[in-house]
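I've put the structures underneath this note.
Paired with subunit B in one complex and with subunit C in the other, subunit A is shared by the two complexes that follow.
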Partner chain A sequence: MKRLAGWMLATPATLMIALLLVLPVAATIGMTFGAPGAGTWGVAQPYADFFTSGFRRRVLWRTFEVAGWVTVISLAGGLVTAYVVSRCPPRVKSILIVLAVFPLLTGVVVRSFAWLVLLGRQGMVNNVLQWSGVTDAPVAMLYTQGAVIVAMVYIFVPLMVLVLVGVLENIPEDLLQASSSLGAGPVASFLQVTLPLAVPGLIVGAVLVFTASFTSYATPHLLGGTRQMMMGTLLHQQAMVAFDWPGAAVVAAIMLVVIVATVLLMTRLARRMNPMTT
Partner chain B sequence: MSTRIHPVLIFFTVLIYIFLLGPLVIIFGAALSDTTYLTFPPQGLTLRWFENIWNISAFRRTIVTSLQMAFLGTFIALIIGIPAAYALNRHRVTLPASLSTLFVLPILVPEIVIGFSLLRSVTVEAGVPVWYALLIGHTLLVLPYVIRVVSASLASFDFSIEEAAISLGSPPAKTFFTIVLPNIRSGMIAAFILSFITSINDVSISLFLTGPGISTLPIQLLAHMEQFFDPTIASVSVVLMLLTILVMVIVERTLGLAIVAK
Partner chain C sequence: MPKFKTLALSSLSLAALLAAAPAAAQTFTISWWGFNGDKLQAIIVDPFQEICGCEVVFETGNNGDRLNRLQMRSGAGVDVIYLTDSFSQTGIEQGLFQPIDRAQIPNIDELYEMAQAPQGEFGPAYTIGRIGLVYDASQVNPPITSWSDLWREDLAGMISLPNITTTAGPMVVLKAGDHAGVSAYEDPDATFAAVAELVPNVVTNYNTGSEMINLFSTGEIAMSMTQDFTLAPLRAAVPTIEWAALEDGEIAVLNTLNIPVGSENVELAHQFINFVLSAEIQQQLAEEGVDAPVNTNVTLNEDQAAMWTYGEDNIARLQRIDYSLLNPARVQWLDLWNETFGM
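Up next is the complex of A and B:
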């Protein structure tokens, strides 16, 4: 009886996800396998088409590159900021956290748009560069890899700061007191106590940022355009512009594999690197 | 927390905060500019771009659709997510552990992949009208947040209160509504706000699920930006930011912002 009640309560949500998420996504993946006799690669022909296209290989590589840079820069910026925020007096700390939450709650389109305004030919960055005499003519900054990376770092730093403030706050204060009473300076304490204890949290933050930037659409679309296509914009272009649905499905499947593999590998790594469990 | 922070680190943090908030300030300025193109600092001040939002029918329509999706999607997600979260906590022993894995799938699977798959299976193959497919997408988008936030709230709920009520003769269903729900009210409000904001800002799922005449505000903004570069976009952005500030004030007054920071 109790067993049945548990199942009944969970049924609507389970059905919703099974029928409207698992099945459609499984159907998309099913679509990526060609007919057995078709082409030299048989069932794997659509994947062969993807990887033999220099353009699509470049898109995949660029996506790794951009997501990688965004993750590394966000980690560095987020760690320093979170370290300072977590050691501020409570009042200042809560103000700083609110100021980090605000951009996070503002939509990705709005935040990407801000960089469209800043980096344009008439944008503020160009105006400052010309006014200060660094350049004579406006520099083309939009639709470059740098623009996409800067805007994405902008979008993901608040997330990283909030995750890492949580991580740093969870580190027991008495461990740091113990280390300083044993004669360690702030740098030594940070490197030998704080950092190792923060590693699992850093990995969580890195996975969040990497997967989100690997699959993002709005930012590469607005700031990279067709010149800096990434997997998200390629998926949309294949499906809605070229109407090549099997091609789009292959892009979707590759994205899914990269994300699932990253999450599985990194959670395992986070568990192994956690000094508290061993 | 008495250790002094090195000035270089403070300087760096100040720079990061300027980096985070500066662009948003620039949008505010650009929205007020009395020019037909986007510029900062604003040249002449005007509110006409805010009026323009209401003059463009596409914005009016998509704002309505976005609000419908955010309210209805969140509402449905609460209705099916709260029982699921309750079952996961109350009947943990009898339910397989894989069920909670299933409930995080909408977060794990990239949104854009979900959107494309729904377009293929739901809109095209099953012939579901665009508006309903969009609602399905938004419900799926927010469901894991509802389940997670309500679960966290139930985790600190003392189920012996519920058992006491039942043993005193209260029917289980009535007990759920009179005892359990009031105790997880703050979790439900937090779930609602988080879901609402996630839904209203969504691009990647809506991208594939909008159709002729039916679109959401973020998708309409993207479409508008491809054709125009006037301050209207900035004024819409300002309205969205003011809305966000309003939500943050309400959250702060009722629950404390710590909930969102989680």
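Up next is the complex of A and C:
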């Protein structure tokens, strides 16, 4: 009876997930397969078309490249910031966390747009460069891969900080005191105690940032333009402008596979590298 | 019995709601861009609501978005759709529009010939525009006089082109074919070799008119290719902007009105199109800086005419594009374009 009640309570949520998530995703993936007799690759022809196009392969690779760089830089920046924040007295800590999270309160479009203003030919960065004599003429910074990476790092570092502060706070103070009493300096303590214990958090943060950067649309659209197309912007172009829904579905399916593979791989890695489980 | 009371009250209100529904005003849905909203409300929407006794509602967005939405609803949900001719041709090919009954739109006879039946039995054009080149005269010297100036070496890193997916984008390809001395339809390889020669001059390609205006106003670009409706806001942002007088001619863009196959107010839709094409409305739209007139009975003074493609001679000089040729080619060009600009 209890079990039946449990099932019944779970039914509405299960139905919602099936109707609003599983079915649409299945329909999208179903759309990616061609007619059995079409082309040399049969039903997989749309995928063959994707991978034989130099442009589409370049977009996929660029998306990996940008998401990879954003993840690595956010990890480094987020770890240092989170370490400093977690060592502060409680009152300062809460102020710093609020400050770190503050950018998350505005939309991605607004934050990306701010970079349009900063990195433009007449923007603040170019003005400072010219005023200090580093360059004579404005440097073209917008619509480059660098601009996309810089803006995405700015967007995702707060996310990383939030994840890592929680992890670093939970590292027992006794362990650090023990390492220090055994003769380890601050650097050695950080590298041999704090960092290994923070690995699961680093991996969770990396998964979050990588998947969010891999699928992002607004930032590459605004700061990369058409010359720095990524998978999100390619998907939009295929569906909303070229009216090629099967082509867009192939892009979506490839993104889904990459993200699921990343999550599985990183989870396995996290389990293996977590010193608390060995 | 409070439960019974609640039930009875709900049933009563539901019945009242159902009874009231047929009495509500007829709804007439227009799909358009949403530009010049206040002026269109005053010139078109308010007077038309009085004539038809209906309530006018809108669906707004760019050509592609709106056509896509219409396609997803299999041509239903909209009574009249405003589109540029390249997108209305796509809609026609997708079977989304119904033929127009010209007997119900007598004002069509007053239009310039080019606007009467630009796409056969489907909708007429209500305005005519040009695609040409604009540049910032304070930065570009000597002035732009020909399409081939796009390839000028002194314009390196100064240009934004319309993306291939916009109305004006495919014209870049056609002009690149002309530059290479071939037909873009017959020799895409030579054409795209000429497009590739443009890459050093291009900062980025734009998708919307407002994006292009932003690029000018932030100093990212000094030249672009665009439709003439962007000229007024462009000059408001950058006063030194010039519309290039091209010796090799500009390209015509006709904005059309069509009735989707799923329209629930077909008769009213014909009435609306006739209303928009009347000399009186066309005159007001031109005077208020909304759209160039296509009704031959509209008369504009020199100042009013300066911003439009106005008069039979000017209209006849524009180059027409055959979208039944261009639209199929555009699918092939999309990949070549992406490979040229996105690698």
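We take it that the second predicted complex is superposed on the first by the 278 of 278 C-alpha atoms of A that agree within 3 Å, B and C clash if a C-alpha of one lies under 4 Å from a C-alpha of the other, contacts with A are read in each partner's own complex, and residues count from 1 in each chain.
Here, a contact is a pair of C-beta atoms (placed from the backbone, for glycine too) under 8 Å apart; a residue touches a chain by one contact, two chains touch by 3 or more.
The model shown is predicted, which means the values in this text are computed figures rather than measured ones.
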Contacts of A:Phe55 with subunit B and subunit C, given as first, second, both or neither: second
Which superposed partner A:Val108 touches (first subunit B, second subunit C, both, neither): first
Touch count on subunit A, higher of subunit B and subunit C: B
Contacts of A:Leu116 with subunit B and subunit C, given as first, second, both or neither: both
First (subunit B), second (subunit C), both or neither touched by A:Ser180: first
Contacts of A:Ala242 with subunit B and subunit C, given as first, second, both or neither: second
Touching partner for A:Ile149 - first (subunit B), second (subunit C), both, neither: neither
Partner chain in contact with A:Thr215 - subunit B first, subunit C second, else both or neither: first
Which superposed partner A:Met255 touches (first subunit B, second subunit C, both, neither): first
Touching partner for A:Val98 - first (subunit B), second (subunit C), both, neither: first
Set intersection of subunit A contacts, subunit C complex versus subunit B complex: 116-117, 120, 122, 239-240
Residue ranges of subunit B in contact with subunit A within the complex: 1, 3, 5-6, 9-10, 12-13, 16-17, 19-21, 23-24, 26-27, 30, 37-40, 79-81, 83-84, 86-88, 90-91, 94-95, 99, 102-103, 105-106, 108-114, 116-122, 136, 139-140, 143, 147, 172, 197, 200-201, 203-204, 207-208, 218, 221-222, 225, 233-234, 237, 240-241, 244-245, 247-248, 252, 257, 260-262
Partner subunit C, residues of subunit A touching it in the complex: 53-55, 58-59, 116-117, 120-123, 138, 140, 142-143, 225-229, 237, 239-243
Residues of subunit A defined as touching subunit B within the complex: 2-3, 5-7, 9-10, 12-14, 16-18, 20-25, 27-28, 31, 77, 80-81, 83-85, 87-89, 94, 96-103, 105-111, 113-118, 120, 122, 124, 154, 157-158, 161-162, 165-166, 173, 176, 180, 186, 211, 214-218, 221-222, 232, 235-236, 239-240, 245, 248-249, 252, 255-256, 259-260, 263
For the subunit C and subunit A complex, residues of the former touching the latter: 64-65, 67-68, 71, 90, 157, 163, 165, 202-207, 214, 218-220, 331, 334-335, 338-339, 341-343
